[in-house]
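One structure is given here, and the rest of the page talks about it.
By letter and in written order, the chains are A, B, C, D and E; residue numbering begins at 1 in each of them.
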């Protein structure tokens, strides 16, 4: 999908854990809290299911930013899922920044099922950051047209 | 070094004659004066081929994987980095300790083969960078040790992350351009993976294109995906033996990624040196409730 | 290729008003694999579901995508619907174009429509990779656990026990009864709380199927629905329950006096005590912090006087682990600590008390034997002021919610004051009066008209001591002028808050809780007594402020759910578990350490490789224990582990679809 | 030294068996074709009838030749052409891998990519005028059937035809219509069909192919043998015991093939490429090839 | 012989760049390979490139054709192909011989690989003779003349200060005609070729290997091999490739890319059977292919003595010592 400056819209992929952040997003909807339409939510059972390789694949395929979101440590429906997520993404974020990806493009946040306003605020904030940064060209597959 | 070779041969011969092991894995002279290669000796009289000189850089630990299902024991000579590699293989349950006879060595640091080839026989040849920075020259975990256990190499106080910090200080675009420049020339020959002791899967996802994770196409995007994925897979288990960099036909500084992760693991989860203690819990195999919190 | 049907729902106007559903349905036809797509007003309705079933038959669909609301709402509905049409129930995927799209992008209809198309494209890409799954069965242990011995816990236990199942009640206090035991009368019938509670307590204590584990707490919870292994810590009572006859001699002779928590420190109890006379079990407990023997080693009178020799100082805390099929959480509530509110005297004025203090004062077995007296000088008060919504509906200093029961019990308190002090003046400061129950409003009107309680609409801004009396300064918003009353006694209707230990217990059980630490029910309307953790149910105030009738109703509801679960010897489980590809697994054991449910172990298999039989270790997943979190699939470097229904291939397909 | 297996070491370009020129100029680029019919042979085997968009035969393969069938977004694989009609070619495909499973989900009308024909095909002139014995196992009958149908079409060019065919169960027998309707009607053609285990509703022979062949004690003749490796392993000694000459026993091999034109180096057995010098080999040829297939 | 000052090479290459897309051997950080010439690029004169020029004709990843799969239709789309005349300057005789091997594979036996053919036909090759063989070189032992690359269009000789040119083919003559005002006629004797360190004797090896399939030697040789693809990817004669596709929704591109017989997945069949399951079979197949199968099929060895596999092998496998062991095996 070719990227031209004028018509570009940020494309942000959110990996949301089913029990907390996805439910928080639902509550954001129930409460009609508006946020930019730049976000696509992908449901996973637990933030522990989010493989850093999915994030690499997403950037390769042309996503502008990825948010990894799950329950607050201690609240995980599977008791320990998010503790592993925390370790993996503490390392992953530093590694991605180390190879040159702008830090705003890969974020991780804990958002519980009750924190609808926080979900709205996080999404709005990331969307603005990415709009400022512009389209992501790093780590991307080469583009071809036929 | 010279007399140690004789001790080495005698030890190997005794082992084979007494039947303590079916085979001894060591080094023998290769085609050139600056290269020694691995040797697999099963007959006592062949132990004459074994040598111990400043070019025995090959990490022999991973060869044990080929004999883990064979009957009897296998003896292997290990330097400091090799023994750490062996510990990682034990930690990953890929080898059974009782099937291995480990003969430890004190390593003086191995000479850089590429430099040796350039400078020629007479001149003084520098050690490999990884050997200069090496903090575990002596085998850690062995059945018996050859040569006095005294340190015959000065050991730096702690790991040298200066290159990593230098890279960290650059701007995102500069970092990215360096990263691309390195991995543009990657051939995807997987030498770095096949020589790495921490890469001991039975079937690697990069060997199964049907799994959908990667394709065989050689473009910079797939190469970067491979490099980052492998770095994450060996995170917390890379012993810093530097064999990946030595094996790479196009000399990509692969250790820059691994060192970065080692530095971050130490900073985030506490000092951890892979392969120094077989019983240790792998940093990315568990967690602490008190892990740093950045995602509130 | 797969034949996918896409069904786009308008959800009345909830989606249709913002997202151009026909356009989404039309665009869906271009997605790879889609052979049929349509939009309809209400997909989840009966006709909507019939439409899906008919379409599956007519167009030989083998996959279905429903673009509507959140899967957390109707995934089960549509899974049953496609099952009815003859497809495997896991051949359906939902695209959330309501909560995640139309409701949150109301101002940008075209962007919302474009996003809806993306979400449908992702769902189609995923559903094409869905594999047929069958539900597995696991054993169900025929035993229930009730945590909390208040009225809700007791009611739930009784209902479950009467259905023939064994129940254990774990109560952290020495006796069951909970907050209701402290209450005098109950609205709206004014019948005495003890009269309706104690028979239930006795029934619970004597019921053959119910075991009381008082003075005990839940230490650890492992396992999953049907097979919860709960470790319970029985704190040492220092009294041998089997031998003690409950004669009470030790309590008389014990020299050490301590403030009684039950009486809210308005009277004393002994170091060896039962919380209140009708306590069940009516056997004392030694309070080791205050008992002289445990502090200095001297005394020991209670063991000397005890005719049955039941006192045993050497008793240790005891841990026992039992397996339960279901758990009901009924740990009740605590009152809001009003000392944070400076205007009401930071809790320093003895004559400013809470509703529960008042209950003890009017209670015949209370510290003042039922006479309303001022805690400061024990005189009978003349002017009694009640203040409602203390800490409730007050996000600044207290809680944002309404505590539901205070309007009614304050009205009750007013009637009791009138009954006990004929010539008293009763003032009640209120913001609103909420009387939602049967007979509630009539009770409130009687309080105002017959019992002459003056209801003043307005908040109290300040209370301060002036000589012996308290000056209560507030305003009457209906008359629009400030009000000042000299009061002898001020009763605050403080908010109901969650038990302090609620958060830790939730983490042990793996259930959710909201920002006020009240437990989160599975669904506010459709599943009020269930939690997201299968097999764990809620009852009473721990789920949110409520009065006794509601708590009892919830208790019976939870009991009904438990009986539904325990009535079967085994139950169907979600087949969303991880599976191992043994030819790839290298037996490194990373996954074993990571699984929170200990569902993975290394087993030894033997296979022939190049003509040689080889023994090697591979991981094996116990489908019953695995809850499908997927943490192991990421720990597995060679991707030998994959999580059914959320496989690597499915998630990669969604990521790829998003970016085309 | 040409690679044709008639080891006449003249040096000419490869024109053995008149390989018809490929349909597109570039041998690796397929042409558009369409599946015009699908026959469900067994629970995991289907026969696909393929012709070009304008209803012609994509190419005219010799018996025993192969075609590279592709669903471009999934992959490409080599299959033997089990039969050909006026306007179509037939390929029998068993669902084993990613592509074959996808093929089993397509419907009539699905457009595919096809290129070929590849491989050397059966040595027709060597077989002309002789009695022929066909031994097949399971899906192994597919390549053999191409020669059988050729012989039936030119019945007078060939002697007595004998077919011995076995499968795991009645349901696993491929090309049932030929086995039970068409072939019994062919003059001077004998059919021996067997299944591995007893099954009610089956009154034919029960037993494995090798023992059945031994039981039937055929006189030595040109034999085409194709089936799972275990069947070949046990049938060969039986034939040799009955005096069959190794150069008279012909088989087709199945290997992983990618290019189909002897370039990508994948399907080599020793110096021979199965896709180009094969897939048809005589046992004699196979004997001096390394046992690596 | 036509000669020119080495210092004027830059002008020569610029002149050639008018007519051709010129590629020259360049030393880059960590590796050296053939690259498109741009003014000012320093041509690598000593030794051979670590990445062979094979990629110029048989790229590691090459898009073959596009396709569109909409619903149940399938459409094939041809892709634009790079045109224009090319000139490779500085190809050594071992790499030139490897092109001869690749020609046999891609252009004979009844099928022409159009992709390869198109690139081969539009390229003129100016070979550069080696005076000083590298430590791992052994092309002479395989009958190659290090100074004269058979099959090249122009022979260039490194004569110290001066470069000599000799046209061999017409296309080569056209190149030299183009440069006539840069060159002058002068007689020069070729310098003697330096001493080779490695001298394997290959005579009789292909024939001997015919019976050595079951020899225990392969087990020993294969022990230290890691089965990585380094040797096959730097080898100028290795030509195995895989065909795969990059699918994006309804569109996709079918490409071919280098593959290695050393990888496990190479001969893995769908049903699970793998004719070459362990590294013993794979190592045996690699050396048998180079020294027996290929000669049997195309009448030439599939090794040109460039020594690259010796340079890159992480465990120092050495084909010359293997040839020696084959000769000595019983």
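As a convention for this text, contacts are C-beta pairs under 8 Å (C-beta built on N, C-alpha and C of every residue); 3 or more make two chains touch, one makes a residue touch a chain.
What you see is a predicted model, and the numbers here were worked out from it, not measured in a lab.
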{"item": "Intersection of contact partners for chain A and chain B", "value": "C, E"}
{"item": "Chain closest to the assembly centre - both centres taken as Cα means", "value": "A"}
{"item": "Between A-E and D-E, the pair with more C-beta contacts", "value": "D-E"}
{"item": "Most remote chain, CA-based centroid, reference being chain A", "value": "D"}
{"item": "Maximum centroid distance from chain B, chain identifier (CA atoms)", "value": "C"}
{"item": "Whole-Å separation of chain centres (CA-atom averages), chain A against chain D", "value": "53"}
{"item": "Whole-Å separation of chain centres (CA-atom averages), chain A against chain C", "value": "31"}
{"item": "Where chain C and chain E are represented by their mean Cα positions, the distance between them in whole Å", "value": "72"}
{"item": "Chain D residues counted as touching two or more neighbouring chains", "value": "98, 106, 110"}
{"item": "Residues of chain C touching at least two other chains", "value": "1, 594, 635, 648, 652, 656, 660"}
{"item": "Set of chain A residues in contact with two or more other chains", "value": "52, 57, 80, 84, 88, 141"}
{"item": "Those chain pairs that satisfy the touch definition", "value": "A-B, A-C, A-E, B-C, B-E, C-D, C-E, D-E"}
{"item": "Partner chain B, residues of chain E touching it in the complex", "value": "28-31, 33, 50-51, 60-61, 135-136, 197-198, 220, 223-224, 226-230, 232-234, 242, 244, 246, 255, 257-260, 263-265, 279, 310-312, 314-318, 320-321"}
{"item": "Interface residues, chain E side, partner chain A - complex", "value": "63, 66, 68, 77, 79, 246, 251, 253"}
{"item": "Residue numbers on chain E that touch chain D, as the complex places them", "value": "64-65, 67, 69, 72-76, 78, 105-106, 108-115, 213, 239-245, 247, 252, 254, 256, 259, 261, 266-271, 275-276, 281, 285, 288-289, 292-294, 296-297, 299"}
{"item": "Touch list for chain D against partner chain E, complex", "value": "1, 3, 13-15, 19, 22, 25-32, 71-77, 96-100, 106-107, 109-113, 254-256, 258-259, 261-266, 268, 270-271, 276, 290-293"}
{"item": "List of chain C residues in touch with chain D within their complex", "value": "1-2"}
